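Common to both upcoming complexes is subunit A, partnered first by subunit B, then by subunit C.
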Partner chain A sequence: MMDEGTELSLTIAQIVQRLKATHLHSQIERQAKECLHRPEIQLESLKEDVRNFLKASGWERKLQNAVYRELHVQPLPSHHAAPPEHAKEPLAYMRKAQVNWEKRILKSLNSMCTELGVPLARKRPAVEQKELANKWNEMGTDEPDLSRFRPVYAPKDFLEVLISLRNPNHDSSEEASAKSHWGLIQVPLHDRDIPQMREAYSELSLTTGQLGIDDHTHVPPDLFESEHIRIGKKVVNEQDSAAAQQYSRQGCPTGLRADLWALILNSTNEPEDVMHYEQLKAGVIHHDLLVDNLIYKDVKLTASNDDYYFVFEDFLYQVLLCFSRDTAVLEHFGYNSATPPKSYIQGKVGVEEFAVVYPPNGVIPFHGFSMYVAPLCFLYNEPSKLYSVFREMYVRYFFRLHSVSSSTSGIVSLCLQFERLLQTHLPQLFYHLREIGAQPLRIAFKWMVRAFSGYLSTDQLLLLWDRILGYDSLEIVAVLAAAVFAFRAENLMEVTSLTSAEAVLADLSTLKVMPLIQIFLFATVI
Partner chain B sequence: MSLNTVPCTVKPTVTLQIGDAETDSSRPGVYVIDVTLPIGQTVNIQEISFKNYYTAYVSVRLLRRDGEGAAKWATCLRNHCLMPSPHTEEGSQDYCSVYRQQMLIEPDNVTSVRLILRQPSSAWLNFNVEDIKIHPCLNEDSEWDIPDWLSDLTQVDQLCDLQGLPDPQTVSSSIQQMWALTEVMQTNQTTASIGRFDVDGCYDINLLSFT
Partner chain C sequence: MSKNKTAGYKGPYGYQKRREGDGRSCVRYKCGLTNTIQDVLRQRPGWMEVKDDGEWDFNWCDVGWLRENFDHSYMEEHVRICHFRNHYELTRKNLMVKNLKRYRKTLEREAGRIEASKCDFFPRTFELPSEYHLFVEEFKRSPGSTWIMKPVARSQGKGIFLFQKLKDIMDWKKDGSRSEEQRDETQVESYVAQRYIENPYLISGRKFDLRVYVLVTSYIPLKAWLYRDGFARFSSTRFSLTSIDDQYVHLTNVAVQKTAPDYDPEKGCKWQMQQLRRYLTARHGTETIEALFKDVDNIFVRSLQSVQKVIINDKHCFELYGYDILLDQDLKPWLIEVNASPSLTASSKEDYDMKCCLLEDTLHIVDMEGRLTGREKRVGGYDLMWNDGPVYREDINLETLGSACFTANTHLGCVNDRKKQLRQLLKPFPGKKRI
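The block that comes next holds the complex of A and B.
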């Protein structure tokens, strides 16, 4: 609400402050100093010439990409009277719900700890450290006894929390009427209707070429695919983040996807990134965390059982164990409604110098968490690169899927969006499912919490995630969920119980996501 | 950023309703809040800040004292939108400010501010604005007397012949730039974290704490 000039200056100052601390800053400084020896740099026009050199050698582009990345994750400059919690989540009742949910998780973790007699964190003895270092690349061969550990929570527990969300200032006293909401989410968040989404997702329209539709074997490649690949190669050569993001809206060719996603996320694999990863690995070797067991259990229960992902089991440990040690992740709590759990070492409760965050990255994994990483294993085979991409995807998107917030990409908005789309465009189906006790969200929730990972076939999942990156929003996940119901509507109208409804929607592995989304958004009669 | 505020009294909200306030069952959709300065004081407003609580639109009227001492009401902001969609949560609990530049009239010599809040949607039980603060203009040095000899100094446009010396303006601006650069170098503090999660090598934790 400030005037535009002040807001812009503030944003610029914030970005400059953040970029000053990075390796990129020192690299550019060094380049600027070294280029002074070059003949084309004249003293009279020093500033101009150095600038031109940086532009020609690609450093300006790298800086642009870094600024673009900051704009993605930075919260908007807030009002001078607004406290920091307001930037995390503006609505008081949602903050409260998130705090209560976190308390439940902490209690659950503490009680698991005391029951099992296992500390939350301990330093590994030297022998154990050596052992782990030796089998770092094959942690999957280990068969530790994990039967005593149980996941801290599962998506359906979280769903109950979301269902019970109420705005104390909202008038819900009215009897069922035309404007009443049939679904489970009863908070009045803003959502977009199909006409608005047609504008927002115009690149997905029926007349625009798409990967996932127009690269089908029956379609001649020179109609769309060849040209699209040619443009993709050019985008990768130019190393332009913004262009890559725009390009991704129509899908990424398989051969270019890894580079394009890394570009969109500004995920580099410089020596400093590899070093950072090695530092995290050292953290895993030196300290043993209780959450490690939760991660092991999660990987064994989900990814290892999946036909597509079981081969990547070792990678998943290498990424997730390091992820838990990464304090850089703590930055995202500035715009995440969640707060990292805290503890005190050496029993010095209340003494701030002995306060630590647990786990070091502040994120407690839940059942299914490893599925956020699994699809990325198809794109990257170098652990530090895989790690870098996953971490960026987490702090931009995935964290919103398991915290209570009013954000438009947050899970609450996605659930509401899904239910509203269904109620507006498939009212008969929604009504029928409600009557038989099969609220649609109870089936679709698990898909949305994982952004469909593990439910779609991998190539389709990657096409979906192309669009999440391209549009910088998780909204498309809610649209797909509604589109799936629309696709199986005929079968669903005939079922008479929740279990049979779930059976109809149990197997999504044959679905083609782009045609479904396209038809739902652009061919639905409004 | 004007963080100083003027002490003022916020009167209790008055509802505007058609019909009898006591017997009418529907909730009011318009509230009026008066904010008055202590008697005799006036203020030149730079900014009015407040925290929204489900108000959709706000209009602001000012009671200004003109040259002769008479007070007149005038509208300085008409139907400013705080919630783009009154039925949904967007903007409902945001911190907002109305700046001098946005106002239709000059907010000078103001003795009283009237906020007219509107919420057309029946979805909400209550609406209000909280923490209303009036920020005055920062006074320039207009109150200080400039000694006579200062005003006798040479005016800029009366510079004498430079005789080959560089223009003082460019010299002073480049000196200022260099000074700014040295300041930047000195304050080049990094916000990067080191990455250690333990305290002196120790990370033995038994229980999490709730505050």
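The block that comes next holds the complex of A and C.
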């Protein structure tokens, strides 16, 4: 173990290293140089004066936000001797499972490629390029023949992988008792119990005001809502990431949410961001990728059929097609247990110089992937801004929902957390469902993989994602899943098959998430 | 309240009955339509359908029946019918425009330019062929503009087309592009030519319009209710001025959209009003959108005021209007049309539920059963918008009179917790236990 001092200096060094490469650094440098002309900058107190100027003009705040972002996204250095793969995933058996899963996905992709005779990537002829450029804002009107394409995998395939996870060092034979785990996930990861969560999620307690509860029609607005909105406006004016994150725990007002989320994610829409997006767009126009068809198919099958999101079909293509080509996303594989699939130029398999990451961003979309983007279309209208926010959300949160890892926000932990909460607080229900062959995770998995997108009504979903951002964790998704089962427990006790259990839980569109979560965390008898 | 109010039965909440003998426990109804309204009427406790020529207390008729029978029917005091005799003053495009223009002129004369400008919510419109020359003048004043031609009396988007050159109407006049049914008509049909709104507000490149429901129970004095629910109807294709022949782009009526080649009935080209309001608020902020909805309220009130003196007021009549509103990119709302028979056919389960609630609440307000006092500001999903004067959310009394901030009592696109409100408001139906 390193002592705190070394750890801190290591972290600082790392962050400085990362920020040195960014546009923000050159901007601040330029600002500092230009301010030298100002009368209030004196030679004797140069350092102090420049610092004060940067503070007053808001640049210090921007730097603060950038540092804050780095702290969130980068894992803390564990040990100077730890190999880089430990930053991705410390547990060897998890790494191995992820590698095997990736092999399967890649095999599936390659065989589809061979079967259909479609290349992984192809340069578009000039005529096609021109056509696509003209149709950029209405790609949804295209009706390509997608019948031959299948999604590379669906969430239920991934669930089977998670169910088969075993820790080789764990002797489960010792625990064959009533205390043993009834659920499908059989790995001994750390989970939290309700008293611990009550402390962690104290802002959601019964006595604290919430959007999603205390902004309801019969509650007078001066009790909570008006003041909360006033504070929200102040936070946006101050442009403070950390404050925005703390604020978001009690929910974001509809009119301020877009700004607040962008602030929390430190997602900017500067000219350089717009230019980056335009470059990606140019990439889409020049080359056609096999995964593009997978994206088309996914959007047509999911978002286009959704009452709320069908209208955003074109935005989804504009974001996802660019996302596939964004090599900046490769950065997140430093802390993602997954590794981007590699493809080799024809004839040079195995030769590293001819290896190419495929798709360029290393993320192979699966069935339902477009639902990560769809709710954001409610908040952002400009494609480059929408893209920027989505990308940041992906590299901070969404990637954890479809990779095998031991992270507390990872899907494995969420599943385990869900099952443990259910077993501890609704044992009768869990037992009953198990007996009729309706393991709860089989139903709840699809909700959690998508962070409930497409299952809740949009306003409720956004309130949930407010808290994901506020607490910088996906754990609340597992809590909600358990709370939903608790809410429908009475009906579920009556069912006698998996199909009828699924029917009871088929429609979540009328649920109000915050009361459910609040009651589950703070009103459950322990 | 009036002096001759009987101090009779006070219900559980202290509400007084309006007049003795006014409430009916058995209502005989006639219904000329075969959609959602049938279900609602059938399920109403104590209401029974009468067939053929039986006597009725309540009639939900279509405008055809009204035209043929109204003048020959004698209606007792308690009887109610769902249309005003000359509703077409508001709902026929040419008459509505005429009435609005006249009202605007009066307003300008009496209250000045600024007040009159509050009526500028309908695009420049001319009746053809009578105002043909005025139209040509205006047309020439704005070169390159797009106009839309609409038959005066038809619905569901039939007979509508866009044009940018006078030549297009010349051709049309010569029967060039008219359909069979139009050519068979012996009468010369009236059309209106209206300035097409070329910069509609688009969501994800798609044009949409709003359908809002307004219930009028009396014109003199004017009493109007606004329903909280409604919907936005999307065109199934992206908006572009380059293809003005493509009526699927420009017309957002569901009836037209249903015939479009890529129409997917599962898709549902509709958003609930709440969804739209939330989306707009997220994009533009609360204050801007509150101002927008205030402008929308203004459209309802002014349009009704413009026909107030023309409509034959009859205490037997009430009418449920479907208003079509279009937003432009500057977030200005425009009145496209008012429908006296808004479609009650449901396009989806959600739509069916909404229309059932709308019709149930309409019947609550018509109040054949005599359960209301007449002082309510809200009944189910309806908010009282105008009652011979603006209606405010706040109660006006001596203390609040000096205050300048009164908010209108309208909640379009807001939460509609009607079940709860109705439970608190209404006594149970005669003979039924409160659930």
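Rule of thumb we're sticking to: the second predicted complex is superposed on the first by the 522 of 526 C-alpha atoms of A that agree within 3 Å, B and C clash if a C-alpha of one lies under 4 Å from a C-alpha of the other, contacts with A are read in each partner's own complex, and residues count from 1 in each chain.
By our rule, contacts are C-beta pairs under 8 Å (C-beta built on N, C-alpha and C of every residue); 3 or more make two chains touch, one makes a residue touch a chain.
Here the structure is a predicted model, which is why all the values come from computation and not from measurement.
Superimposing the complexes on subunit A yields a three-chain arrangement in which subunit B and subunit C fit side by side.
With chain A used for the fit, subunit A forms the apex of an angle whose arms reach the C-alpha centres of subunit B and subunit C; rounded to a multiple of 10, it measures 160°. More residues of subunit A are touched by B (comparison of subunit B with subunit C).
Of the two partner chains placed by the overlay, only subunit B lies in contact with A:120; subunit C stays clear of it. In the superposition on chain A, A:64 makes contact with neither subunit B nor subunit C. In the superposition on chain A, A:315 makes contact with subunit C only, while subunit B stays out of contact range. By the touch criterion defined above, A:74 reaches neither subunit B nor subunit C.
Of the two partner chains placed by the overlay, only subunit B lies in contact with A:190; subunit C stays clear of it. Within the superposed three-chain model, A:90 lies in touch with subunit B and out of touch with subunit C [touch as defined at top].
When the two structures are aligned on the shared chain, A:283 is found in touch with subunit B, with no touch to subunit C. In the superposition on chain A, contact of A:307 is made with subunit C only, not with subunit B.
After superposing the two complexes on chain A, the shortest C-alpha to C-alpha distance between subunit B and subunit C comes to 28 Å. No residue of subunit A contacts both subunit B in one complex and subunit C in the other. Of all residues in subunit C, those touching subunit A in their complex are 203-206, 234, 237-238, 262, 264, 266-268, 270-271, 275, 278-279, 281-287, 289, 350, 414-415, 417.
By the touch criterion given at the top, residues 137-138, 140-141, 143, 216-217, 229, 253-258, 304-305, 307-308, 310-315, 377-379, 381, 458-459 of subunit A touch subunit C in their complex.
Within the complex formed with subunit B, the residues of subunit A that make contact are 1-3, 17-18, 20-22, 78-82, 86, 90-92, 103, 106-107, 109-110, 113-114, 119-123, 167-171, 187-191, 276, 279, 283, 287, 325-328, 330, 341-347, 349, 353-354, 356-358, 360, 406. Those residues of subunit B that touch subunit A in the shared complex are 1, 3, 49, 51, 53-54, 84-85, 87-90, 92-99, 101-102, 122-127, 131, 133, 188, 190-193, 195-199, 201-211.
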